[in-house]
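What follows is one structure encoded as structure tokens, with my remarks underneath.
In order of appearance the chains are A, B, C and D, and numbering begins at 1 in each one.
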């Protein structure tokens, strides 16, 4: 596989971890309880740890003295290939949990396939990440149930979050060019194959949480092509602030 | 109980403490001991929780992935410390919600140092180096304090704090070895954090209250001024090693005393901040109150759900 | 009025329009004329107001002071256009609050183009160049429309729009003459805004409704397809001048027709956005609703204050 | 007067206009009514216009091909010398108006003195700005009255804003080193002399607005030394984003 394509393929996975990790890290110290604060920080730490493994691999592939930080902080918005779902803002705890659940269910399914990648670095990262993400999914799923089958207010809030964020789920299963090539070479995962099982499992849990399944025919897309929502620019302005303001320094 | 009986219990209690035995939650203890410990442990817990905010301010803007992860983990540790300390406090017969109420209403205090803003990345280094450094000096003696749950919590806290302190110093070292701009950033952070850190040891001994009682209960083993001196003696050589200057023209090694001499603290500033008028007192408190109030529906939902699950279980049993 | 009388009035009315006389608010007009105008003018007003949001998104991040000021002034102009248009609409016997309600409830439409995100600075250039360009083509004929207040508002709007359009084109020109990165940014913006701009002229003539009636009332003077052709003919040479490529492989000058040929619009996308499922429909509407709801106490305060002042005046008189 | 000091003196005035102009510009499109939206945008435009005049003068003084944009966008946070008041966030309309009023009253008094500066550029800028700022003060003062003497809710909100923002007013009258030198040379304004009249006028209007005068003994400071609140970093991350991410380009 061409190096350039492999790098693009990795961005398609790693950038999700970075952006969601960043979003969760914004919440640190502001959660509804110390216990959820600690748990969400753990998830953020796992995701950022995964991000580093992927980007270190990209840095190795690209050579030229690139570092994980060049890759994390010095790309333009259009070069980040994360899905729209993960950049959605921390509107409230219902949004945070729903975003997490909708992503975790996909993420675990992806990693379960990626652990069989022909690329040894990727399959090793995936094997390690599976344990972490299984925990994420249990945590977010449990909370969706608590909120859905909790009080009237919590049900209403989480239902609203599900309805809003649902439109970003379809994109998870779109194949980019880099994906198709990686799939053809036995390196990448054919995410389109994960779709049916994903919606099955997600719907099952939403039903258990006594929530309604949205019946949207229309979905949003663009992140995988680097066309993000207007939230992304502000996220990046913070994320990149130091690296941009003080270029070429060691921290 | 008769007064005589109580006096007897108090005597036995004081003897146990004198023998360095730990007091445990179910043991009899004087009411004043209980109240003093609730006040101190909860202040300590609140400080951990409020202390998450100034550092949390730089998580989203940390300059490298490695630093971002380390900072995030550090702030998480502080949440963890808050948890152990609240638990230790709860063993004294007060609920976590009561403790939160005291914090949110402004009745309970927390460490004043967290009412200063973090305005550059170097502040994260300075907090680790100076603030955690000062905290450790305050806290290490507490690992041997008389109340068992507090002492055990402190052992764990101190271990992690000293890791944080090294991490902070390493941030400072990286800046000081970096570009002139970075070194200037480090110097600037030292300039701004030095005096507030010095204030962390509290008023001078002649102004300080409660010390004798606290000494007896091993809530305190050295006086404020002794601890402050220890901090200066420890930190001044570290600043030299970094190649930056502590902003105190009177700071000088006193060969005779075997200690550093140092200048006078601005006690007006100290009291302004303690009384709630520091640069960020209002922001810190309202961040905590907001998190708590906005989280209410979440906590309610979790309770309602747990009750429903419990009811289902009972139904299945019945 | 008898039916005959009404028919008579209608005849006079149609004759006045045919003679290019302006209809004024106090003049008699058919109910359908009134309703159609309320719908169109309010849609137009809503579009100005919602249109502030995508451009507003870049004010705080504009790359130079000059551009920041120009963009801020431009978005302010749009607020001004909204004001004239709401006022024109109010002359037809509907209140501004009713118009807002229609917008906020989703009953009234606004131009679909504003449901696309502005994701780079070049989008600000592209919006000025393409979106304002298309808007002008749609709007210039309205300067001669039959309803006086609307026609007069449009004269002012068009003058400012064409200034905005030149400004947008100049942003694009600066980018295209800039670094390769800047030129790529301009090309990327053209790629994303081209087709949505083409959709601004509405469905193809064979799919379009109301056209005949609108033509008669001079709410429309050319068909959607004619206007779209005019836009392509005007814009294609401008893209050439910029040195960037319109993302339509079928775009080509047709010597015989004296017009450009161009490819098919993705009508599925068009309808998805019109029906409320574009990339930003929900964000745009909720931004407006939030501004309105959060502003309620302010508007209430202003009313209460005005009333108190009024009462005081009356008291002083009495 | 030494050039370096004159530049610092100008920052002390101009940075207030930049930062407050930026804060107001964030509100564009989100005001409680079209009319207030337009009015606040006008104020922002005036302030940014003044900013440009000052920075163009600084660029001229500094030479070396510097532009107004280098000065606006490429300083570090510690180099901005604006007072803490102007960087306070747009919490709600009461905060926005109160911040504006408390600044405008000072700003007008400053300009009325600055128009007699021995420095011809500064006195020319001041003369032009006086007209604008007189309007700002009328607008913000009128709104303080409307909110104070409006409804119970508006009174409560504006009183809270006054109480919170009051602690930032004292700093307006602090003399920096650059100030003192500029005053000595007849170029700068001795802001400490404006204090009594300021509080007199402000209190008069607050009383007219049926509001209570805060009795704070404690005030915040630091902005004039470049020690800002934690709000400033996020404001700058957005303000500087493009110039930092795409250095050395023309826009």
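Following the convention adopted for this analysis, a residue touches a chain if its C-beta (ideal position, glycine included) is under 8 Å from a C-beta of that chain, and two chains touch if they have at least 3 such contacts.
Everything quoted here is computed from the prediction, not taken from an experiment.
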Original post:
Cα centroid separation between subunit B and subunit D, in whole Å?
Top reply: 37
Original post:
So how far apart, in whole Å, are subunit A and subunit D when each is placed at the average of its C-alpha atoms?
Top reply: 41
Subject >> Averaged-CA centre spacing for the pair subunit C and subunit B, given as whole angstrom >> reply: 58
Original post:
Which parts of subunit C, given as residue numbers and ranges, touch two or more other chains?
Top reply: 61, 181
Original post:
Multi-chain contacts in subunit A: which residues touch at least two other chains?
Top reply: 76, 233, 237-238, 241
**OP:** Quick one: label the inter-chain contact graph as line, ring, star, complete or other.
**Re:** other
Original post:
Okay, what are all the chain pairs that touch?
Top reply: A-B, A-C, A-D, B-D, C-D
Original post:
Touching subunit B in the complex: which residues of subunit A?
Top reply: 22, 25-26, 28-38, 41-42, 44-45, 48-49, 51-52, 55, 68-69, 72-73, 92-93, 145-147, 149-151, 153-154, 157, 238-239, 241-243, 246, 249-251
Original post:
Which residues of subunit D touch subunit A in their complex?
Top reply: 76, 233-234, 237-238, 240-241, 244-245, 247
**OP:** Report the residues of subunit C in contact with subunit A in the complex, numbered from low to high.
**Re:** 54, 57, 61, 117-120, 181, 188, 192, 272, 275, 277, 279-280, 282-283
Original post:
For the complex, which residues does subunit B have touching subunit A?
Top reply: 49, 52-53, 56, 59-69, 72-73, 75-76, 79-80, 82-83, 86, 121, 171, 174-175, 178-179, 181-182, 287, 290-292, 294-306, 308
Original post:
Which of the residues in subunit D come into contact with subunit B in the complex?
Top reply: 76-78, 164, 167, 216, 218, 220, 222, 227-230, 232-233, 237
